[in-house]
Structure formats: C-alpha cells, structure tokens
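Two complexes follow with subunit A in common, the first pairing it with subunit B and the second with subunit C.
Now for the complex of A and B:
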C-alpha cells in the first residue's frame, strides 16, 4: 500500500462534508467500528467500511473517497445509527458524501433498475412502491410518440427490486434479480417442473430468502444443509417477490412456499419488508378465493438478534407442509 | 470502618437520612432521621440466630440481587455496626426471630423514626455512585440473555464471601465458563447515555481478567475496548502484564451480541480495527463494564445541601482545578465518586483532602469570607414599610436572604457568595453589592462611553466565564476589534437592567451581556436569574424602539476565547452596518423612555451623589 502523503490531503474536505446537510457530526466519530460491525453491505462488497470512509473524509482523502465505488452502497437501512455511541447518523453522512460526489460528476457504479419504456404504461405503481423515491413519472418521446413513462434516478436507486415486483407489465428490469433470473433459480435442475421427483414425505418447499435478514455466518451455512426437496432462492429483499412467482410455483405443484423478510424496522431497503407484508396479506386472501389453501404460503420475519431462527423457520415450514401433504394423501 | 466506629471523636449514624440542612459555614444545623431497625442496637450482638428462622427471602441488594437475604438481615458480613435490621416492607411479623433472639430480647417492633438536630461545623458529602443499568442497550441483550452480566455481578460471583463462595459460574447452567469476554464503555463515552469516560472501568476489567487468567490459565479471556485508559501510576504496567498473560485485547466496540439457544453461548460481533475486519467471537459469558452514574437521589441530596450538579450529573466542585474538594456552598465538601467517577486511590485522596478542608473550619474561631457580599439598605427595603416583596430571597441561589413581614430583608453574610442577583433584581434598589455597587458600575459606564459612544461595543462580562473567555482570547492571540469596552461583574445575575438602560441612554452602539453556559454557573443558579431577566429586557428594549440587533446575549465559557472574539467581531460588523445618523436618531427617540425608567434611581445620572450614598454604607 502506498504511503499517504500529507500534501496530497485536502484538509478542507471535512468542512465541506460537514457543511452538507447530514454531515454535521462527522468529527464526533472516534472510530470505534460499531457501524462496521453492524453493516451487512460488507457481504456484497468486502471493501465497504463506513468507519474507514469517515476516517478518510476526516483526513481529507477527497479523491480516494469519491473514486471508491463503495460510497454508493449504503442503503440507509440505519442499523448502525441506533448503535453508534456518538449518535452519528451515518447513513445521512454517507448521503452528504454522495451529494457532493454527485455534484462533482461522480457516478454510482450501479447496477440500478432499468425501465423498458416501450412496455411501461406509466401506471405509477413502481413510483409508489420505491422506498427511495428513485422513480418518477415523466412525459417523454418514446419511439417517436409522446408517452408517460417511469424514470429511474440512478443516484437514488439501490437495486432492491421492489419496483420490479409490483410492475404489472414486467417493464422493470433489475440486474441479477430480473424475473427471468428468479425463475431460472427456481427451475434450476428441473426442480420446479419435475413433479414426481420427491416422495410425499419429502414435500417440495420453495423458500424465498431475503439476502439481508440472515445476519450470521452460521445461519448462512445452515441454508446449504437442507435436502434437495427444499429449494432456497435468495433475493435482495422480500419486497422483490412478485406474487406471480408464488402462483407459478403452486401451479407447478409445489407444496409450500415460504417468504422470509426482515423484522419490522430492520429492512435493508427501508420499507421493502413492509411492502411485502401488505402484498402477502392480500395475496393469501386472494388464494382463498381461488380455492387454494392459503396455509401453503407463509410470510415470516426474522431479525438481528435471532440467531438460528432462519433455519428454524424453514424447518418448521417443511414440517407443517409435510403434515398437510400426508394428511391429504391419506384422505385421497 | 471498624476503626472509624471505635474512634472516640467519630459518631457513626447508620441507617440515617439527612433531611434538612440549615445555617452556614461553621454553624450548620442538620436534621437527621434515624430509621427504625426494629432491633435494639445496644442489645443485638450480631450472633445471627434470628436470620435462619426467618421464613421470608427477598433479593439481596448487596449481592446485586443474585442471592437471597431474609427479612431480618445485616447488609453484608463485614457490616458496621454489626446489628440486624428488620425490613418491615417484607416482614410478615411471624415473630419467629423474637423467639430465636431469646434472652437478649433485642427485637422491638414498636420502634419509631427518630429525628435529631445536630450542630455541625462542616459537611462532607461522600454518597458515591450508581452503576449504569445496561438494559436500554438492547444490542447487548442484558436482561434477555442469562450469561450477559455486569461487572458488579461478576464482582459478587468472584467474591469468596459472595453467593457462589468465589466459584465463577455462569447463570444459565451454573457451570464454570472456559471463555469470557468483557465489553468496555457500556453506557459511558456514549452520546445516548453518558458522554463522559467513567475512568476506572479499564482498570477493574483488566483486574478481573487477570484474576480469571491466574486462577484458570487455560481460559479464553477477551476484552473488547475502544481505548484503554491507564494513565495513573503503575496502571500501564498492570495493563502490560495482562497482555503478557495472554489476555486477548480487541480494539473495536461490539455492535451486537446474539445467543445460541441450545448452548447458551454468546456470539459477539465487532470490527477488529487492527485487522479492519469484522469478527464474530463465541464466548460462554459476557461481562459488561458499565458506566458509573450519579446516584438516583443526587437531586434530592443536592437540594438539601444546596449544592449543584455538573452537566454529567455528579455534584459540582467549586473550581475544577483550584478547589476540587469544595462544593459551591461554603463548609460543604465533596469526596469520592459523588463528585465524579473515580477509582480507589483518587477517592482516598479526595476523602483525605475533604477531611482536612473540613477540619480547618472546625479548628478556627473566625472565618474570613470574600468581601463582595450583598448589603440591604434598610430604609429603602419596602418590606420594612409593611409592603409585600421578598423578590431578593427568591432569587438567591444560596438561601442567604431571609425575609419576614414588616422587617427589612436580612442577608446572612456568611452564606452570601456575592453573585449580585438580588442586587439587580431588587425593584427598589434597596440592595447593593460591596465592591460592585451600582454607583461603581455607573461610573465605569460613564467613563467608557464618554467619547463617541455610538461607535462602541459595551460588553458586560461575568467574572468566571466570559471574562475568562475574553482573557483567553487575549492570551491566545485571537484578534477582535478595538471598539469593545468591557465591564466585569461577578455573575450575569448582577447585570442590572438599569445598566443596560443607562448604556443606551448614554448612546452606546451595541451592548453585549455575557455569562456562563447554563450548567457551568459558578453561583449555582445565577446564570438562570440573569437569563430570565435578559429575555424580559430584550422585549422591553424592543418596545422602546431599540433595534434588536443592538442588544445581544451570549453564553461564553472561560475556555471559549475564540467564541468571545467571534462574538465581538460579529457585533462590530453589526455596528458598522448601522447608519451612524440613524443610530443617533434612534438614541434621541428612545432617550425620554430611558430617562423615565432611570429617573427613579437616586444615583442616576448624578454619579457623585451615588458615590456619596455608597460611602455611607461602607462606613
């Protein structure tokens, strides 16, 4: 690592950040690392370290801060804020840094949601669902015609996919987690369509697992221990799940579907779990009307301090589904 | 304690509460209430036959609630005096203890609280501290996870006279843990709870860790810390020994602790800053090093003794550097953690200091006080004329003024500290402060504003804070415009409305009144008396027609030289931004109103007459 030379530092940088709304309490930080130990973004990018970023700002490492793509990764979940002993609103501080970077012409590396403007009908569902107010409806020319379409602000979008899940026309594309990507993961190895692969005492259970509510390494490890009749699809947020995924699975004869999201107030994308909760409530009601047993679908939440709860939730679901299936088989 | 109890000149009053303190330095009268023990102290020999027969068990406060005690009990085995006490809130009055006591016949359920007035010369406050309750720090799981305990709980478990006879066990399964982690700064150095450093937790944690390691060399002992603070003599060497013993020190504040339901083991997540990597450490027991916090009854105690609290909540000393043992009230001294978190050597030193300071008073027949006390002109005080007033007494931070119908207010000079709040508040100008008389201050005003008053910034400064701030500005070479003129008084409480009226009447450009920050006031509540007055004053000046930017109130501490300079610079700019002609016109316009306000004063505008009056008093 190269030596840091004082003449390369910009001592005014910290003042600039502190003058920005949200940056006020920067100098209170004494680098205890609580934020870093809380933050889960490190799992998607090992370079991410809010403590180090704050330190770099304090020292005046202007170029290094702005050219570091990790400054765009804070999703303002505010898990660190209530733990910070110096009461620094770290996500707002990151926001202040982002604002300056944006004005100076730095761009987030993405990925961000993409709107297929030809398919978009301008209904505005995504605008309402977006936790970051990153989507707006604009009137613009699409293929020679005036059209009202949704537009993504690349500085605000965190690629959570909540918009993609609510779009009735599948007009929003989220990289890595597009509808196709999710379906491919559901189907991999013919799991979805191969109905007769597992005996009745091994019911097929599909689990949609939010990337962020699994907070301990041991719980992650536990996920790979489940037998093949349990298919675990990791998604960025419980709000990413389109009820159509679940309908498709049920149509293909999957015995149970479990959607796992973060506990209330702990969503990595501010309120994606809240969107999912509302959606699942309505969806289960609709299932009843369709004549499908709503007990086959479950929405469960887990959080920070619940070590071992994630595998337990899945095990419980599998047990309950197995019981139902066996009872059903006996009845027929 | 045993020595103290045996000393011929020491009378121990245990199980006793101080209820009222009257009088002043050298002549205090203290009302104490001795609570009934329901055991006759002279007869009880501490044999302990009563406790085993008592059927009631309640959590033992001394053991941090991890062991039971009976309803008839002694607080701990080395208690002085060794006399049992019945906790009547829990006693079911089965009288089994009476039978057990037998011939000694020491139990007496008819005892009543006993109040006594004591004559004392000085008072030492050594009420100690409380330990922070870490339950609000949800991320550490105290109260939810059995194996997360506080240091005080560990101290009891670790104590050979404690509930486990010194065998370290963990609460969930009673087994000896092979690994333990200590978490530092729980509730201290934390904006959400207490911003101060409790100071001694680093040392006691290292002590506990070392002790653990010495008795169990194979144990895995980890300390999570933000900074290790070992500044006193021999402390760093102790820390080094702990490192050499193989105790693991991890710099990084844990963000959360989770529990494995099956094993009861705990997982601590923290960033190891030396590595820059987050680690998860599995440990069998977690000990939280909780902050030292002011005792719950500090406010109550403070109002009984008339002593104030620092921003941290502990009792405030008279001067942080030069009089760290004295309280703001003369004759009352502070010792130990009641004044601020401190360890044993510091507490012993302060205790010895307080005893010596207290003894000085006891061994003197007379006591010199500062000469700047308040004095009442009896002929002017309307109370003496049978009218209702008594404002002075309500403003005095020291209860030094006594008022009674049909008599002039009476100042107890020994209690007066000379803040001047009563002087400024008296609506009839019936009180003066020696060496800070109205006439003296008016004379200064006249001298300072003799030439080109409309180009001047007149600054009133309190002796302890803003005057110190101005001084710091000077010694630190913080430049500020030469247009400012300062008048020093003892406290912002002394800054009479009339002074500011007179300043504007004489044509001053802008006026600054400055004093201590609210919780720094040297005179307990003097700053509040001033602040309330300045609010009213700003309103009145506005109504008279003086532009609001010409009057400014600022709280500046003695350390804030930069702030003082900045305030003066800003005021200078304000002054320059006002058109001089308009300023003069404004002054002419408000002069009749100011004249009316000041006409009632015999001193104004004739300073020589006022000085004459003052001389009469001084003689």
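Now for the complex of A and C:
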C-alpha cells in the first residue's frame, strides 16, 4: 500500500464534485458497500468499485480517481440505486465525476461503437435507438462529399450494441459483437447448417443470452453443461438481437430460439430489455399471422434475485420444443 | 450494320402498373423503337404466344419480365421466355420480390378462392362456383391455368440476370435501364439496376428525429408534420430499410415510404429488419405493459413490414419449410 501524502490531496475536489449536477449527495455515503454487492459491472471487472471511488473523492484523491480507467464503466443501470440505504443515486454521482474528468481531458479506455461513414446513410435510427444519447447526426465531408452521417460520442457510448442491431446498412459496429461476430458464433462448427446431426429428441435450440443475465459463477458453469444441440450465444444486451438473426436460424431449421434478457427495470443498459421485449412480441405476432408456430420463439427474463433461473429457463425451452418436435414427428 | 436489339416485355401476376411505367417514358418510346425491335409485348403489341414459341432459343436479346408467378401460365411463359432470351430482367417489385400479390402467401389457394369468390361483400355467387382448372361444357372441355398455393418470384422460377426494383419502377429509372440495355453496357449478372445502393433515408430531406416514439399511428389517423421524419411521429416508414433510387414520390406526397424498392444490400429480410428498427424507437420510459400496448397498436404486422417483400423473404422460407 502506497503512502498517501496529504499535500498531494485536493481538499476542494469533493466540493467540485458536489457542485456538479448529480454529485450533490456525495457526503451521504458511509461506505457500506451495498452498491458493490449489487453492481453488475463487477461481474466482468472486479476493479470497478463505486464505494472506493466515492471515498477517494471525499479524500480529495483527484489524480487517482481520474486516472483510474474503471470510473467510466458505470452504465447507469441503477441496480444499486434502490438498494442504497442512503438513497444516493450513484450512477448520477459517477456521471458527475465522469463529466469533470471529460473536461479535464481524460478519456474512457473501453471500446465504443464505430460508424463506417461511407456505409452510413444518415437515417438516424441509431440516434433514436441509443439508450445513452451517444449518437448524433452531423453533416461532414466524407470522401470529398458533404454527407449526413452518424457520430459516436465516446464519453457516452457504453457499447451495448442496440445501435448495431438497428442499423440497416451494418454501418455501426460494436467490438466483438458485430453482425458477423454474432453470425459466426451461431454457425461455429456448422451448427446452424448441419440439420441432420441431432435426432428428434434432441431438438436444436438457439439461445441468445444477455451477458448481464449470467450473474453467478454457478450460472456460467451451468451454461457450459448444455449438450451440443443447445447453442448459447452470449450478447452484450438482449436489445442487441436483430430479428433477422432469429429468422436466419429458423430458415436453417432450428427448432426453437430463446432470447434471455434482464427483468424489467434491471437492464444494464437502461432500456435494452424493453427494446428486446417489443421486438420479440411483435415478431411472434408476425410469425403467428404467417401461420408459423410462435412458440418456436420465446423471450424470457431473469433478475438479480433469481439465482439458478437462467439454466432453468433454457431447460424449460428445450423441453417445450422437444415436445413440439416429437408431436410434429408423430403426426407426419 | 449490326442487327437491331430485340426486346421483349411481359406481364405475369401484376397490376399493369409496370406497363404504364414503361409508357411513362413518353416520347422516349420513339428513341426506344429507333434502337430496338420489340418482338413481344402483350400489353402494347399484337404478338401471340405461338410467335414466341416459334423463335429460336436465345433469339430475344433482353426480356423485361414484370409480375409474379401465380399460375401455371405465368410459370410456363417465364420458362419459355427464359429459353428464348439471352438476358432475363425481373422488372418491378412483383417479379423481384412478389409485391402485393405475394401477400396472398399469408393464406393458400383455398383461402384466396374462399375470400375472393364467396366472402367479399360485393360477391353474388349463390351457386358457390369456384374457378376450376378443367371444366366440361356442351362445346367441350375448357382449361384455365392452374392457380398455385404460393406466389413465387421470377428468380424462384427461372434464372434471372438483373433486377429492376420498384412498384412500379419510376419512369426516370425505366429510361436509365432501357439506355443501359440499348448500350449493351450491362453490369455483372445478378446486379440490381435502376436503383441506388443506399437507403431512402439517405436522400430524404425530412428533419431527422431524435425523439422516442410514444404511440404508433397509421397515416390516415393524424395530420403529419410535413417537415419531420415520419418515424419520429409514430408513423411507420420503410425508408430506413428500403433501397434508394425512386426519387421519393411517396414522401413528397406526404405519405411514408412503403418499401417497394426492396431491401438495400446487406439486408436479408426487409420486414424483420424494419420490425427491429421500429421497436428500437419506442419510448424508454415504457413499462412492460406499455411495450405490449405499443406493439398491439401495429395492426397487420406482415402487411406493414413485408408489404412488398413477403414472397422473397426469410419469413416465407420458414413457412415453406414447415409445409
């Protein structure tokens, strides 16, 4: 542990944060750590620690706070907010800290959405869809021509992929979860196109699993236990799914597709689960209208307090699909 | 002097709008006739099927085929014209992707007949007579072309070299296509001609919204702001997922894009893409019940999202696999 010299501290730092919109309630924090216990970001990055960050602000550790790359990771999912005994809106506090850091020239290190300006049509759908207002339309010169294109604000983007799901021209990419990346994971090992590999009692079920739904080590372990007829593709958010992915799987004869998202109010990216719910609900209507069994597609949600529910949701889907497939096979 | 270009035009299951689209080039028809001989065009000239049958294979240089494949006659002539033509062009949305006739794929032959000949309020058919493929009358046996269960696109029936999208293709693009055909400077086979590569939104002059949608309405239910993006106003517009090139006559007539130019490159299923786009615009404050309510405001999702592309969609493929 490094020694901290009081002359290196900035006693005015806490006042600066408290003067920033969202930072008002800093001093209410008594470092109980409930926020950390709830925090979803810690699942993927244990270095992220709002309790410690707030304490460091109070101590005036300005330099150390700003140079910590994890301060940018709070996605304002507000999972901690209802649990904080002091009623501190921690995401807003983190936002206030980020705002000051931004003005001081610090930059978030994480990946953000990238726009291919040549491909972008400037339709603005990503702008309307982004949960963080991180995208805007700008008119600029692209390859010598004035063009209206989408632009990412790297300070606001959380890389959730809702924009990539919506872009009709595949002009917005999110690292590791581009359309190609998702399709490759669906197809890996010929899973999608190799129709005859599994007998009828092992129906092919494709699961799109929101990264943030897998909350415990036991869930991760359970996911790796599913047999090969169940293909699990993890995505950053249920809102990342393009209904075309699902249709593509169905055209390849996949028996069932399950999309798992977070419970209402628990989306890590504010509203991705509502987008997913809307897409899946409307998609099922569409299948039904076309005379295709809507039960082949399901949207399920799971929450913080439902340990073990994730594998159970998948098992249930596999069982239900198996029943349908066997009934169908007996009928034909 | 080289021989004049031999051009054929045909209509299968279509409304006739594509024929009008050709006529709409106006006095340029004279330039067309200067450069090409029209050897077959049921809507415009008096040639018979037997004239086509008498042609040697590959006799026709370019065939512009509009209309979907609905009946055995459509299929027969499509195959005949394919054999007689060096270059086959799917001309217009019906040949390209099924278009409005393709929406009949929501049901089948029986469903279409029941609706059209028995149920519609204007039908007076006490004998419940339905069209028969074969029918015996005192004069002998009469035959109608068989009516298929499913509407198919031209490319699902014969090999297609080029596609001209649009319901109908706009006159300006029709003339461009004809000029391309006359010049012989055709692109690589498989290309879409008479259209642009990006989407309708790329060219649309409406002010783009940054607002979420709280309510979906149909065009007749509101007086829409003529300056602002339709989608922002909760009116479903297919512009984001529709190939550009039409010049936006619908938008200029204060109607949202219906999607007749089909999907741009990279979109496999125009309807599913549009469905995903529309649902990503809903209000963030929504609760689960609110989301359901918004979804239920969209009546006829297939007709809305797949208005032109159903017969050529992945959705159709899934349905056909299940049968």
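Note that the second predicted complex is superposed on the first by the 328 of 332 C-alpha atoms of A that agree within 3 Å, B and C clash if a C-alpha of one lies under 4 Å from a C-alpha of the other, contacts with A are read in each partner's own complex, and residues count from 1 in each chain.
One rule holds for everything that comes next: contacts are C-beta pairs under 8 Å (C-beta built on N, C-alpha and C of every residue); 3 or more make two chains touch, one makes a residue touch a chain.
All values reported here derive from a predicted model rather than from experimental measurement.
Participant: Clash or fit: subunit B against subunit C, after overlaying the two structures on subunit A?
Facilitator: Aligned on subunit A, subunit C fits beside subunit B.
Participant: One more residue to check, A:285. First (subunit B), second (subunit C), both or neither?
Facilitator: second
Participant: Quick one: classify A:159 as touching subunit B (first), subunit C (second), both or neither.
Facilitator: The answer is neither, since A:159 touches no partner chain.
Participant: So, A:38: does it touch subunit B (first), subunit C (second), both, or neither?
Facilitator: first
Participant: Which holds for A:168: it touches subunit B only (first), subunit C only (second), both, or neither?
Facilitator: So A:168 only meets subunit C here.
Participant: A:266 contacts which: subunit B (first), subunit C (second), both, neither?
Facilitator: After superposing on A, A:266 lies clear of both subunit B and subunit C.
Participant: Consider the C-alpha centres of subunit B and subunit C from the C-alpha centre of subunit A, and write down the angle between them to the nearest 10 degrees.
Facilitator: 130
Participant: Check whether A:248 is in contact with subunit B, with subunit C, with both or with neither, and answer first, second, both or neither.
Facilitator: In the superposition, A:248 touches subunit C alone.
Participant: Which chain, subunit B or subunit C, ends up touching more residues of subunit A in the combined arrangement?
Facilitator: Looking at subunit B versus subunit C, the one contacting more residues of subunit A is C.
Participant: Compute the least Cα distance separating subunit B from subunit C in the superposition and give it as a whole number of Å.
Facilitator: 19
Participant: Which residues of subunit A are in contact with subunit B in one complex and with subunit C in the other?
Facilitator: Correct list for subunit A: none, the interfaces share no residue.
Participant: Inside the complex, what are the residues of subunit A that reach subunit B?
Facilitator: Its residues touching subunit B are 28, 30-38, 42, 49, 51-52, 80, 83-87, 216-217, 304-308.
Participant: Touching subunit C in the complex: which residues of subunit A?
Facilitator: 121-125, 127-129, 131, 133, 136-137, 148, 162, 165-166, 168-170, 239, 242-244, 246-248, 250-251, 253, 264, 270-271, 274-275, 277-279, 281-283, 285-287, 289-293
Participant: Quick check on the complex: what are the subunit C residues that touch subunit A?
Facilitator: Those in contact with subunit A are residues 106, 198-199, 201-202, 208-213, 229, 231-232, 239-241, 244, 263-264, 266-269, 271-273, 275-282, 284, 286-288, 291-292, 294-295, 298, 300-302, 305, 314-319, 321-322.
Participant: With touch defined as at the start, can you tell me which subunit B residues reach subunit A in the complex?
Facilitator: Contacts found on subunit B: 138-139, 141, 185, 189-192, 226-227, 251-261, 267, 269-273, 276, 278, 280.
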